Every structure is written in C-alpha cells, then in structure tokens.
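Have a look at the structure that comes next, please.
Which chain is which? They are A, B, C, D, E and F, in the order written, and residues in each are numbered from 1.
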Amino acid sequence: MTSADGLFEIALIIALIALAAGQILSMARLVIGPTVADRILALDTMVINALGLIVVLGIYQGVKVYFEVALLVAMLGFVSTVALARFILRGDIIE
Amino acid sequence: MSLFLLVALPFFGALLPGIMNSAGRSACAGVTFTVSLAAFVGLLTNLPAILAGQTVMARIDWMPELGLNFTLMLDGLGFFFALLILGIGMLIIVYGRNYLSREDNMGEFFTYLLLFQGAMVGIVMSDNILLLLVFWELTSLASFLLIGYWKHLAEGRQGARMALTVTGMGGLSMIGGMLILGQIVGSYDLSVILQNREAIQADPMFLPALILILLGCFTKSAQFPFHFWLPHAMAAPTPVSAYLHSATMVKAGIFLMARMWPVFSGTPEWFYLVTSAGLITMVLGAVIALFKHDLKSLLAFSTVSHLGLITMLLGTGTAFGALAAVFHILNHATFKAALFMSAGIVDHEAHTRDIRRLGGLRHLMPVTFTIATVAALSMAGIPLLNGFLSKEMMLEEAHHTVLFGSHWLVPVMATVGSLFSAAYCFRFIGHTFLGPVRDDYPHKPHDPNAGMWLPPALLAVLVVVIGVAPFLVQDFVFLVAKAVMGDAAVLKTKYIKIWHGLTPALYMSLIAVFGGLAVLMLFKPLSKIWETTPRPEAKVIFEAMIAAFVRLSQVLTHPLHNGSFTRYAMIGVIAMIAAGYHAYATGTVAAPVRAIQSAGPVPIAGWAMLVAATCGLVIMHRQRLLALILIGIVGLMVSVGFVYLSAPDLAMTQFTVEVVTIILLLLALNFLPNQTPVESTTLRRTRDAVVSVAAGLATFGLAYHYLLRDFIDPSISEFHLANSYKGGGGTNVVNVILVDFRGFDTFGEIIVLGIAALLIYALTEALLNGPVRRRLLNRVPDQPRSGDMHPMMMVVVTRVIMPVVLLVGFYIFLRGHNEPGGGFIAGLIVSIAVVMQYMASGFSWASARLKYPYHGVIGAGVLVAGLTGIGSWFVGKPFLTSDFTYVRIPPFYKFELATAALFDLGVFLAVVGAVMLSLESFSRLARRADSAENEHPMDIDPSRAVSAEGSTDMKEGN
Amino acid sequence: MTLSTIATLGAALSLLIGSGFVLVGVVGLLKFDDPMTRLHAPTKVGTMGIGMLLLASLLASLAKGEPSIHELLIMAFLFVTAPVSANFIAKVTIHRRTCETPPAPQKDSTWSTLDTPDT
Amino acid sequence: MVRVYNWLFPHPLLTLILAVVWVLLQNDVTAGMVVFGIILGIIIPRITAVWWPDRPKSFRMGKMFTYSLMVLWDIVVSNIHVAWIVITVPNAKLRPAWIVIPLDVKHPEAITVLAGTITLTPGTVSADLSSQGNSLLVHVLHTDDPDAVRDDIKNRYERRLLEIFS
Amino acid sequence: MTHWIILPIVLPAFLAPFIVLAARYHIGIQRVFSVAGVLALIGLAASLVWQVSDGSVIYYRLSNWAAPFGIVLVGDRLSTLMVLLTAVLALFVLLYAIGSDWDKRGRNFHALFQFQLMGILGAFLTGDIFNLFVFFEILLIASYGLMIHAGGNERLRAGVQYVLFNLIGSTLFLFALGALYAETGTLNMADLAVRVQGVGPEETAGIRIAAVLLLLVFAIKAAVVPLHFWLPSSYAEAPAPVAALFAIMTKVGAYAIIRVYTMIFPPELEATAGLFGVWLLPAALVSLAIGMIGVLAARKLDRLIAFSIIGSMGMVMIAISLFTPEGIAAALYYIVHSTLAGAALFLIADLVRTGRGNLDLTAQPPMAGTYMTAGLFFVGAIAMAGLPPLSGFLGKLLVLDASYDSALMVWVWAIVLGASLISVVGFARAGSVVFWKALGTPETAPVEGTQRPSTLSYAAVGGLFALLIAHTVFAGKVHGYTTEIAAELFAHDTYLSTVLDTPGKLSDAKEGDH
Amino acid sequence: MELLVASAIGVLTTAGVYLTLRLRTFPVILGMSLLTYAVNVFLFASGRLTIGAPPILSDGATTYTDPLPQALVLTAIVISFGMTAVVVMISLGAYLGSDDDHVDDPIEAAGSEVRK
C-alpha cells in the first residue's frame, strides 16, 4: 500500500464521518423545525447527503454497482420533496 | 318387508304430503295414512319371525371406520314399540285430518309427522347405538317442528324451544355415553354391546356412561328434574300431543332404558338413579296433575307421572319389574292416546280446555264421554280395564323394593302416587263430563264426526279388551319382556291376571282408589292450599335460565368483540410474544458460533439516525405530515443500510417504493385530518408502550440469536450463486432468483400488485358513485391554498427529465439480469416519471396525453408474464422455465436474449399499470366538480402572452 | 508519480473538499435562524459537496484503471432537480408567511404563490 | 431529406442528450453503445413528444455550452464564498434580502434555466415567479447592495439566455 | 411432466386479467367466463384428485429447477381434496352471486373472484413455504377487494380492521419465514422436513420459535382464539357470496397447520416436542366455546353465522391438535362439512336480507319467500349445530371418537357437547324469531328494496345442501379417504422422495421425465 | 454490526407495534409501515450480514452475500407496497363515509344493529 492509498483511505473515512455527521445535523434541524419548510428542507438535504454517502460507500467498499442506487436517488429524490411541498401549497398534490 | 324399507318409508313418504297439499286436505291425509299403513303392514310381515323368537337383522355399511353403520334389528321389544308408533300413528293421522282447521297447512303438518314417525321407528329398530343417536336427535328436531307448528303462538314457539333444548341436551350427553360404551366394548352394535354386560359394568368408565345415557333417557321421558318441558309442549296441536306424549317421543327414553336394561340393570348405580328418579317423578307428576285446570296439562303431568312409574319399574332391575314396565307401556299408550284425543275433542268442540269452564258434557257429548271415561278409569287403575293390571303389578313390585335401606319408602310413595293418579282421573271425568250442563261454554259442544272419535274409540276398545282378557296379550308381553331382559334375567312366573288373591298390592290399590275419591271430595280446599302455596314455576325458571344464559353469553361475547381493533391487535401481539417466549423458554440455546463484525462510525451514525427518526416518529406522530417526513427518513436510512450491507437491488427498490408511498400517503392525507388528537390516557399509552417494548425485545432477541449462528445446513442459495449464470444467464443473482429460480413468487407478486390496483379502482368507483360523491364535490380545503397550481419550473424540469428518466428506466430494466435493477424497479421509475408529469401539469392535462388504459397495462403485464411461463410448455418444459442465448449483431456488442427478460417485461408492465391506476384513482377522488380542465401544462407562461395578446389568465376559475 | 497515484491523491483531496462542503452546508442549515436563509446552505453547498465526492469517485475508478464517467450523470440530475426542490421550499415559506414578506413585483400584481383567488 | 431529418429528430437536442446519457449510463464508450443510444434517442422523443407542446423555436447549443461552463465556474467560486459566510458571519450580522428581477426572457425554458442558474449559484435562491411571469423573486443570503446583485444576474445570465433562446 | 397441477393456478390467473381486459364493461360476458372458468376448475380438480387417489404424489418444478432450489407444486391426496372442495364451493357461490346480482354492485367482482381462487388453490398446491406466503397474500388481497365489494360505510370500516389484522398476520408470517430460513437455509417444505431432523438437542430455541410463529400465522387464518377477532365483523359485513367463499379461507389456515405440523414439525420431532400440545388444544376448545357462545349472544343473523364459523374452526382445530391419524381424518371430514355448511348459511342469511331488508334478530313481518328460506335455514342450522342426520353430526362423532385417548378427553367431550347444546339453543332462538315469530307479527307494507330471492339463488343454496347430503350419505367413503390422507400425512416418505429426488435443470442426473 | 441491525429491528418493531395500537387509521398505517421495515430487515438479516460483497457475480469476487433473502425481501417489499396502498384506500373510503378515522368500530359494541 502506497502512502497515496493510505491518504486516500484516511480521506475516505473522514468523508464518511463528515457525511454521517451531516446526516445527524440535518436530522437535528428536522426535529427542531420550526417551520414545515425547514423540515422538508432537512429531508431534502438528508436525501442528498445519503446520495453522497452511497457514492463514498461505493468507493470505500470497492463496489461499483452502487452507482445505480445513487443515480436513482439523484433522479427521484426531489420527487418526495416536491410532493411534500405541493401538499403544503395546494393540498392536492395532483390536480 | 326389509327393515331398511320400513325405516325409510316414513322419511321418503314425508316428501308426499307437501306435494299433495294442493290436491286437498283429505288427499294429503290420505297419502300420509297410506304411508303409515304400508309401514305398518310391512312391520307385520315380520311378525312370524318375531313370534318365533328370532331377531331380524339388516346391515349396510355407512361409516365403518367409525363403527357407525346402518345396522337395523327387529326383536320383540323393537316390534312392540314399532307397532305402537305406527298403529297409534295411523289413528292420529285420521284424527288430525279432522282436528286441523282450514287455516292450518296440512302438508307441513303431515310432513313433520312422518319425519317424526320415521325417526321413532329408526330408534326402536337401530342395532347400532350411533345410528340410534341419529334417530334420537331426529325425533328432537321433528318434535321441535311439531310442537312449534302453530308458529304464531308464543307458547308454541317457547314450548318447542324448551323441548328441543332439554331433549337436545339429553341427546348430546347421550352421545357421550354411547361413545364411551362403544369404546368399552369395541363396537357400537347393540347386539354386541348387549353381550358384554360384565365388561361394561366392570369398566371404570361405566358410571359416566350410565349417567350420560340416563340423562338422555330422563330428559326425553320427562323424568324429574327434567319433567318441566313436557307440559309446555302441550301448546302443540292436540294430535301432536296425543302422539308424542302417549306412545312415541316420551317413550323413547323408556325404550332406551329397556333396551339397555341387560347391561345396566342390577348395578346399584342403576338401581338408585333410576328407581328414585322414577319414584319422585311418579308422585310429583300425579300431585301436580291433580291441580291442573287445563285438560291437556293435566294429561301431560299424568304422563310424567306414568313415565315415572315405568322408570321406577325398570330401575328395580328385577325380571318382574321389567315385565310390569313393558305391560304398562302398552297400557299407557292405549289409554293415554285415547285421553289426549278426547281432550282434543272437548277443546275442538267447546273451544276451551279449562276444566273450570267445563262440566256436564256427558249429556252433550255422550260418545266422547264414554271413551274418555273408559280410558280415565283405566288410568285410575279400576279393575277390568288394562290400567288396573299393570298398576297392580307395579304395586306388587314396589312392595318388594328396598330403597336406601327402607322397606316402606317405595311402597308408600307408590301408593301415594297411585292415590293422586286416581284422584286426577276422577277429576277428569267428574269435572269435565259429570254435573249439570252449563250455558256458558265458549262454544256449544256436541260429539264430533266419526273421523274424530273413532280413533280414540278404537283405543278404548283395546283398553277394555286387554283389561278383561289379559291372556290375549300375555304371550306377546312376555315376548317383549324377554327381549328386554336378554340373558340378564329370567322370567319365572306368569303373572298377568285380574285376580291374585288378597295381596298387599290389592290393599294398596284399594287405598289408592278410595283415597283418590276422598281427595277429589276435598278438591276445593286442597286446591286453595295448592294455589296459595308458592312453588317454582318451571317455565319461568327455564325462561329465566335461558335468558340468563343469553345474557351471560352476551356479556362474554360483546365486550370482548366490541369492535376495538386496538384491543384485538393488543391481544394478538401479546399472544405472539407469549407463544414465542414459551417456545424459547422450553428450548435450549448454545453458545454463538459467529463472530460479531465490528461497526464503523457510518453504521453507527446510520443506526442513530434510524433510531432517532423512529423515536421522533413515535413522539411526533400526531403531526401527520411531519410523521410522513420522518417515515421517509426511516425509509431512506433503511435504503442506505441495504447499500452498506451489499444489497443494491433492495436499496433501489426500497427507495423508489418509498417515493411512491409518500405520494400515495399524501394523496390520502389530503382528505384526512392533518392532526391526530390526543385520546388515550397516559395509562393506556404506558400499557401500549410496555407491550411494544416487549415485542421489540422479542424481535431484537430473535434477530440477534440468528445473526450469531449458522444455518444447520448450508443454504440453498449456494446453488443459486453457483448456477445463476450457468443456468439462469444472469450475474445479478438476486434478479435471477426473482425471474427464474423463484419466478413463480414474482408472478404471484405482480398479481398482488394488480389486484391492489383493481381494488383501489373499484373502491374509487364505488365511492364516486355513492353517497360520498356529494361530500367530495363540496369539499373545502382544510388549509389555505397557494396560487400557481402548476409552477413553471416544475413543469419545465419534469418535461426535460422525463425522457431521460424513461431512458434510465429502460437501462435499469435491461441491466437487471446482470446488474442491480430489473422490471420492478424500472416499472417504478417509469411510474414516478409519469407521476411527475401529473404533479407538474395536473391530472387532466397529463391524462389527456396518456391514453393508456391502466387496467389494460396491468392485464397485459400479467398476461405477458404468464404467457412467458406458458411458453415453456411448447418446448416441453415446466411453467416459467427460462432460456437464454447470446447473439451478436454488429455494431452492437454481445446481446443476451433471455425469456426471463420477457417475464420481467410483464413485471414491468404490471408495476407501471398498478402504480398508475392506484395513483390515478386517488387523484380522481380529489377532483372537484369545478376543477377546470387546464389546456396548458403550466399556469404562468409569459411566452403565451407574447404570442397571443389577450386571454392569458389560465388560473383556475374558482 | 504515476497517473494512478495522482488520481488517488486527487480523489483523496476531492473527498476532503467534498465532505468539507457537505459539513459546511449542514452547519449552515443548523446555524441560520430564518427559513429563507437556511434554504441557501444545503441546496448550494450540497451541489459542490456532492460534486466533489462524485469527482472523487471518478478519480478513484481512474486510479484503479477502470475509468468511469457515469458520475457526471448523477451530477447532471442533481443540477436539474435541486433548483426545483429549492423553488418549492421557498414557495412553502412564502405561502406559510414564515419569512419576511417579499417586495411586490415590478411588472405584475403579485407573486404567483400569493396569487390565491380563493382566499 | 429535411422531412426525414425532422421525422427522425423531432428534437435533436433531446436525441443528443439521450444518446449521451445512454453512453454515460453504460459507462463505456463503444460504437454499439452509441448506435443504441441514438436509436433510443430517436424512439423516446417520439413517445414523449406530446408532453412539450410549445417548445422554443430556436436554441443555440454552442452558446449554451459556454454558458454552462461559466455557470460551473460561478458555482465553484460562490460555493467558497458562501462557505466562508456560513462559517464566519454570525447570524446577527447576516444581511439577507429579497430582490425582484424584472424578466426580459419570456420562454418558460429560458426562465427556468435562469431560475435554476440563480439557485445553483450559491448565495441566491430563486423563490417565486410573479403572477404573470414577468418578474422573478430571488432571495439573497448576504448582500449590502441588492440592486447590484440584480444587475449582475441580468447582465451575466439573463442577457446570455436571451441569446440562447432567441 | 404433465402440466395438470399448475392449471388450477394458471387458469384463474389468466382468466382474471382477461376479464379485466376484454370484458370490463360487460357483466354478461364476465359471468359466462367466470362460470366457465370455475367449471373447468372443477374438472381439473377432479382430475387431480383422481390422479393421486392411488397414493401417488404429483410434482411440478416451476422454472424447471429441482427442489429445493426452485419452487415446486405438489399434489397429494390432501391438497387435491382441498382444491376440489374450493372449486366446487366456488361454483355455487358464483351462481349465487350471479343469481342475487351481487356481482353487479361494484366493479371487478369476477376478476377478484378468480384471483381469489388462484390464491387459495396456489396455497393448497405449493410445496414451498415462501411461495405459500405469496399465495396467502394473493388470496388475502383479493379477499380485501371482495370483502369491500359494493362499498358502504359499515363494510369499509369492517374492512379496515380486516385488512389491518391480516397485515399483522402477514408481518408475523415474514418473521416466521425469516426465522425458518435463518435456521435451516431452505424454503422447500420437503427439504425443511429433512433438515429440521438435523437440529441437535443442544440448540432448539431457534427452530422452536420459528415453528411457533408459523403456527400462529396459520392460527390467525384459522381464527383460533385469541387470534380470531378479525373474523366476526369481516364475515358479517362482507357481501354474502364473499362471506360464503371465505368459508374456505379459514380452512387454508387449517390446511397449512396440518401440512406443516405433520411434515416439517411432526409430533414425534424431538426439537419441537411439547410445543403445541400445551396450548393449541386448549385454544381450540376455547375457540369452539367462544364461537358457540357467540351464536347464542348474536343480535344479528350474519354475526351469528360468523361466530358459528369460529366455533366450527374450533372443532376442526380440536381434531387437528390431537395430531393423530384419527384426529386428522376427523378434521378433514369436518373441514369439508363446515365449509359447505358455513357457506350455505351465509347465503341463506342473504336470502333473509333480500326478503326483509335486514338481519336483526327481532320479530318482523313475514318476508318474501319466507317458507323456502326458513326451510333452508333449518337445514343449515342442523348442519352447523351438528345435529343428525347431516354430516356435522358425523363429524362431531368422529372428533369425539378420535379424542377418546387424549389427556384432555373430558374437556374435549364436555366442551364439544356443551357447545353443541349452546349452538342448538342459539340457532333455534334465531330461527324462531326470524321465521316463526314473523307469523305472529302483524303484516305491514313491505320494506322498500326487499324482494323474493331469485330461483338461481335458491338453487345455489340447494346445490350446497345437495353436496352436504352427499357428504353425509357417502360419509363412509369420504371418511375412508380422509383416513388414507391422514395415514399418508404421517408417513410422508413418498412426498419427500418425490419432491427431493426428482432432478431438474442442471441437476447432475439427467432429466428422466420427458 | 450484528448488534446494530438486531437492535434496529427491535426499535422499528417497538415503534411499529406502538403506533399500530393507536386509535386512528393514519398512525396505525404508519405503524404497519414501520413493522414492514422491521420485518424486511429481519428477513434480510436471515442471510446473515456481509459488507461489500453484493450478489452480483464478477470474476474477481469469491464471497457474496446471501442473495436469497434479498430476493425474498424484494417480493415482500412489493407485496407490502400493494397492501399499504390498499389499506390506505380502504381507510380513506371509510373515513369519507363517516367522517371518522377511528380504527375502532364502537357501533358494533352497542349490539351491532344500532348502526342504522
């Protein structure tokens, strides 16, 4: 193992911890609120963080097939955010 | 005639009266009579064999494994009873034809009567005790119908139910007794059982069997303390009473005691139980009968009393007692049937049966008077009538019987019983027929037509003939008595004669007759005392008991099944935890064999998130939208967990399902309250929490247990891993399992989805066409609504990414066999892409562009998947057998063509159809009547204003 | 230094930068005291953070000798969808009046979110 | 020939996007993949054509490309800027502001790209559109001079978009 | 390999989407196809029964993978009997639904009906425990649809509870399956039976928990107290033909218990010894008691019948939980009986509803068609209360006889006989109030919407009774057959060897069957 | 790792059961969803836990996680999705008809014929 690999390994672990911490902080915002917009925002942030987490996990575990998962999260993650927001705005999310 | 035919005749005959009903009342009665007559004649054809001392047998196997067979036997006893049943039955039919009025449905009546007749004949001819039980219960049912024949009378309905309840109870306990008996002997055939006296009496189960069977006999024969039902059965039309309570129904219990006499009698248990029950019944019935003012009630209690007499005789267990019993059965049948019919005539003519309103009928109805007097005197035990003969024998037997160590108990009781018996007989004659003619009868009585009096007259003649010339029936009675006793006892003397000399029995008899006269003289004061004496009214007690049982059952049932799902769930969960714990506690646990894998910060953080979101959800579940957000996070964390634990397919599915679920729940929440109010008490919440924690600990323990242990044998999935590529043509083993190894599960799974969608659609339709429609149309939003229904950014972005999403869906679909993905996920992706359009541009705009009938898409999906399965049949392989091949078409790289892909296409279609149909149904509910059909995808579009100056306001019109 | 080493180092750097931005984003999410300002933090910094993480993934696969570019696709999706999410959340804030009331538009009468004929 | 082209490529940009996405998805640039991507790029637009009734008539792809690069650069720069604000500026000293941007672009696509650009560039969020679509409401995280931000947006982004979607 | 055995599953699976696709708006065509499908099912089922009547086992490898790697269908005497019973029941229920126009009162009745059949038949035929779960879900979700068919608020509210309770059940099923797989590493029932033998005495807790959880799942389906609460309201509120069809659903639970606890966890298995004897029989006894007490307590006819179903399942479970060949034979005989009787009673209740508009057990003026309906009710009540001469009585005798050697014999007998009495009283009260008391009640104008039931409705009930009578008359034959089934279940070598020794795709041995 | 997964199952079950015992349909449905998560994870865990070895056959890999439970969980997810949709719809229908979203049906307690 070269020093670059070692560095990379450390960076990976730091990234994972940062992402995990990010999730926890976002969760805190979700719990605190206080407005519903904050909560939706927190969820949205957590989805994107989760995407990051999946990407980094893929690198960390050396598994490429997690790509599809990340792709799906990127592509569809906003749908639930939009749906929740639409619910607040209009009640009917499909009208 | 074959015994089968004999038993079957009344049953098949029972089909006729209903058919003949329209042909007239006489035709109806005629056909019934003919059936009975045919059976009677058929019975008589067996007389020579019976007289020769033979037992006629017939057998058809019914349930040989159980030992329940159609085994019939006709011996003296059976013949005797059959003769009574059919003979008196014919008389009753004639009588009934004349008795019933035009309003009464004669077809129905005679149908029931024949059913009853058949059941009775069946009882007395059964060789198999289980078969006997069948007929036994059938008599209960048929009598229920007969007693309740006048359905408009409350007394009739109550009497019928009471009779059914009491005799039904006896019948059920008899089932127990008979089964025990059969188990002891190893056969349910009477002919075998009767040969096993010693074995039965020595068995420890003898007493239970005896008690259970006697319960059946006592209830049926109205023995104390089950005597109370019989008088209330008098609400039935008189022909029914005359039939059931003289010769048939109530005699069934007596018959059975006689039938089982060889194996039961001679034991102290039998003696004490049967004799004392009979004795008490005899006295009690006689005393009550005296004070009854209703003619039929009087007769009913007299029946109770006489049945007690017979029971007592059987209980003594001596040959002489049995002989007396048999003889009295015969005599009682004759005079009692005649008496009932006479009472019926009086009722029919005078329109009352109340003795207090009668008297002097001797002058108005001489024929009836004669018949009734002969029969009543016989019942009173007056010499030269048949009742005298058997009563003498009874008293003789009583004289010799020592009960509870006392020599005088039985004789004195027997005399008292006879005394009261004489008294009510005299009262029957005196207060009904003698005395001056009154002018206040409800209806002016006169003798009826011959059709009504001939049947009792015939019986009266029998009463006299037997009374005067007992030797005529003596041999027959002996024959029957021998059949009763079998090998259990030997009849020594011939006793049936009118004069025996000055025996104790004669003195007792004299005391009874003159005492009876004296009691009648004192009737008025005695009656006053009787009326003022408080005594339990059986009917009231019975009704109260039943009411109490019903109330008890309601108390047990309704609070328990009170519609509280929360309680049901709670009980269910507790049961699951308890059963699981019991299984665990009674099992063994060895040390773990797998090492714990260490967890880094990421899993711990993920775990913390999951737990936090879950706990947050529990704490804040009352804010429903927030709860949805939190459950979204739980789902997200589970998805990430699946990624971490090497399950990309699961993660993708979980994530996409999560999105669709949130959309779905939001669509529903739109109609539901946004808050959950606080309704449960702290105590209740604490209780729920305790149960929940127990459940959580249980699943935690179970999961942890398995995670640290190995399979007992290597998993079958090793085969899947090894053969997925070779045999399934795919490298994504999960997908190969889904579409190939376990494709059948997937086939089922898409059907579940399809059904879900169909159901949701059907329910939406039902709601939209039902009373809810109005409510939906007038729905007022429960929160302020913003402007801009279809925001521009959303519309533009969704339309841009939709083709791309479709492309990705296609990619995921294609890759599924080798990489994470597959038809299901692709279906969800495509569905979400379409739903995005719905959300962005609205329902009407989007559905105007999506003309696929989702029903069809689901159907097509299921059919495609199914046809792929069937396709394998054509190459001789089982359903869903996959095949695949690699092809090369330049410039493409190697392509895999797999039938599994076709199957997956079916999955894809079904998923798309199902998701879309469901979501569409939900959104259809939300469409209010005034929802404008938007012709543009977005509300605000400055370019429209530029291109077409003027009407740019595309806002919703409300 | 081989290409692989450079890529590895680059990936490590990208990871650190990316996760740094992610952290800054959520810190902003927690720190700011107004819903509208909070909206800035994650939707922006997130793009950069995730972008760098994806770059790291790209470089890492390059380092392993299996070049991969599909990470770009994820980035593209995020770029397209993130503004929509932000737009909707902002609309919610405006609709719920949980922020300072925005000034009136210059050309039109009001903002579309507040343009509610049924209130 | 033109008709054939139009039939094949009702939306050439989309066809291109799809083909590129396909190749990216495969993570493997081979001739086969490209051809297949183009085939899909022809089929899918035909399926989805009903969804875009009023597409902008012209679209300058080259300019869009340079625009994208510029935005990318802006994102990077602003990211650092905003990160700095997040870390250093206390809430009390933060000066958020609403700005109203009167729009000259009229095409929904153009407005959307503008709004998206504004949101993607840290420090600004496009929050709402006016009731007739003629103004864009933008929230700025921290600024002393809202008008300058507005002018910057109009000059730097909207002007270019007007050219792209002409 | 012939495809007979899969046809009962595939046929409705195709028919249902076909009806949805082609005949969504044509009730007449739907009816024709639906009836034709069920007739075909009866034919198929009869042929299956005939094929296994010699004791052989039909076996079908789905996707051609050999057990235990793929899913297999297995037809033995037990499963084919249940298939035949279902198909025959379905015919009369369907005829009733058509005769009474119930199928017109909401969408998709026939499609859901076919799916329901598919689920039930699949559950009987599958040889794979997870596939059993899938078929349970199919039959459940179809039953949800049928239960709320035609809507109405009471029905929907009852439906919510029905669905929710079954969701708990499905969750439990998955827990049980997870535990089972975690312990054994297989899902095929025959393979499970073999592998479970290898559980050593040193660690039995895992397999015991798995076995018990699975039993509870089936007990929910079989409505064993205290897991029966879902039944009364759902059966009472379900449309009559649906409730009648549901009479077979409780039997699915009973079937699964018989199958799993004679084959995988037989009574003689050391690892799971002493697990069910302690409480299953008592629970069954309580079920019988609760059911029949409920009959007495009921204030509406439909709930009365629903409780009688609980009681009859109690009888079935008493016989099963003896876990002796005699007990199983008795249980199977009783299963056939109570399915037919229960179904008929629900249909009769609907005749009453049709005639007088409600099912309250109160005196009301005579209804349209009262005589015919009363007669049918009388027969149905006799059957359900276990009075002679119908098969309920014979079944009761069989159960009592089989329990003679049980340690709880006194309890069994006392409760069976006592419960019979209670049910007799309950049915007599109900019948007397509904049919007899009516004649003493002054006539009023007929309630709006009431009518004389159609001839086809009567014929459907009559058909069920004809079957019941045949079940009585040929009781010896049927019981002989169920005795053979029971013997086969306790000596299941043929089953195991057929399933486990037949090679499939990529098996080492060559395929020998085609 | 095992402890985390097992305790997550336990926590999800606890919350699921608690919400299932609530009085209104919406929380009960949420409770069911949590129970579904719990059981899906449990079923998944029945194949034991493996990190970084997805069941996608590739040339270099020698160990794979157990694919079978994953396939089972997929089936279970799909089925419970259908079930959730159905129960949501039915309870919505029940609510719309009576303006009452209690899961308990107390009318029945009063003797079942009161409900008219």
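The rule is short, and it goes like this: a contact is a pair of C-beta atoms (placed from the backbone, for glycine too) under 8 Å apart; a residue touches a chain by one contact, two chains touch by 3 or more.
On a predicted model such as this, the values are computed, not experimentally measured, just so you know.
Q: Both chain C and chain E are touched by which chains?
A: Per touch definition, common to chain C and chain E: B.
Q: Count the C-beta pairs in contact for A-B and for B-D, then report the pair with the higher count.
A: A-B
Q: Would you mind checking which chain's C-alpha centre is most distant from the centre of chain A?
A: Max centre-to-centre separation from chain A belongs to B.
Q: Going by CA means, which chain is nearest the middle of everything shown?
A: Minimum centroid-to-centroid distance belongs to E.
Q: Report the chain whose CA-based centre is farthest from the CA-based centre of chain C.
A: Of all the other chains, the one whose centre lies farthest from chain C is B.
Q: Centroid of chain E to centroid of chain F, CA atoms only: how many Å?
A: 26
Q: Distance-wise, how many Å sit between the C-alpha centres of chain A and chain C, to the nearest whole number?
A: Going by mean C-alpha positions, chain A sits 11 Å from chain C.
Q: Using CA atom averages as chain centres, what separation in Å is found between chain D and chain F?
A: Chain centres of chain D and chain F, defined by C-alpha means, are spaced 41 Å apart.
Q: On a C-alpha centroid basis, what's the spacing between chain A and chain F, in Å?
A: Centres of chain A and chain F (C-alpha means) sit 23 Å apart.
Q: Got the chain E residues that touch at least 2 other chains?
A: Each of 130, 134, 137, 141, 144-145, 148, 151-152, 156, 160-161, 164, 168, 175, 178-179, 181-182, 187, 233 in chain E touches at least two other chains.
Q: Could you pull out the residues of chain A that touch at least 2 other chains?
A: 17, 19, 21, 36, 40, 42, 61, 63, 65, 67, 71, 75, 82, 86, 88-89
Q: On chain F, where are the residues touching two or more other chains?
A: Within chain F, residues 20, 25, 28, 38, 40, 42, 45-48, 51-54, 56, 68-69, 72, 75, 79, 82-83, 86, 90-91, 93, 97, 103, 105, 107-108, 111 contact more than one other chain.
Q: Where on chain F is chain E touching in the complex?
A: 20, 25, 28, 32, 35-36, 38-40, 42-43, 45-48, 68-69, 72, 75-76, 79-80, 82-83, 86-87, 90-91, 93-94, 97-98, 103, 105, 107-108, 111-113, 115
Q: Would you tell me which residues of chain C are touching chain A in their complex?
A: Against chain A, chain C makes touches at 5, 8-9, 11-13, 15-16, 18-20, 22-23, 25-27, 29-30, 35, 38-39, 42-43, 46, 49-50, 53-54, 56-57, 60-61, 63, 66, 68, 70-71, 73-75, 77-78, 81-82, 84-85, 88-93, 95-96, 98, 113.
Q: For the complex, which residues does chain E have touching chain F?
A: 130, 134, 137, 141, 144-145, 148, 151-154, 156-161, 163-164, 167-168, 170-171, 174-175, 177-179, 181-182, 187, 233, 236, 299-300, 303, 358, 360, 362
Q: Which residues of chain C touch chain D once you look at their complex with the stated criterion?
A: Its residues touching chain D are 20-21, 24-25, 27-28, 31-34, 36-37, 39-41, 43-45, 47-48, 68-70, 72-73, 76, 79-80, 82-83, 86-87, 90-91, 93-94, 100, 102-113, 115.
Q: Taking the complex as given, what residues does chain D use to touch chain B?
A: 14, 17-18, 21-22, 25-26, 30-33, 35-36, 40, 44-45, 47-48, 50-54, 56, 103, 106-109, 111-112, 115-116, 126, 129, 131-134
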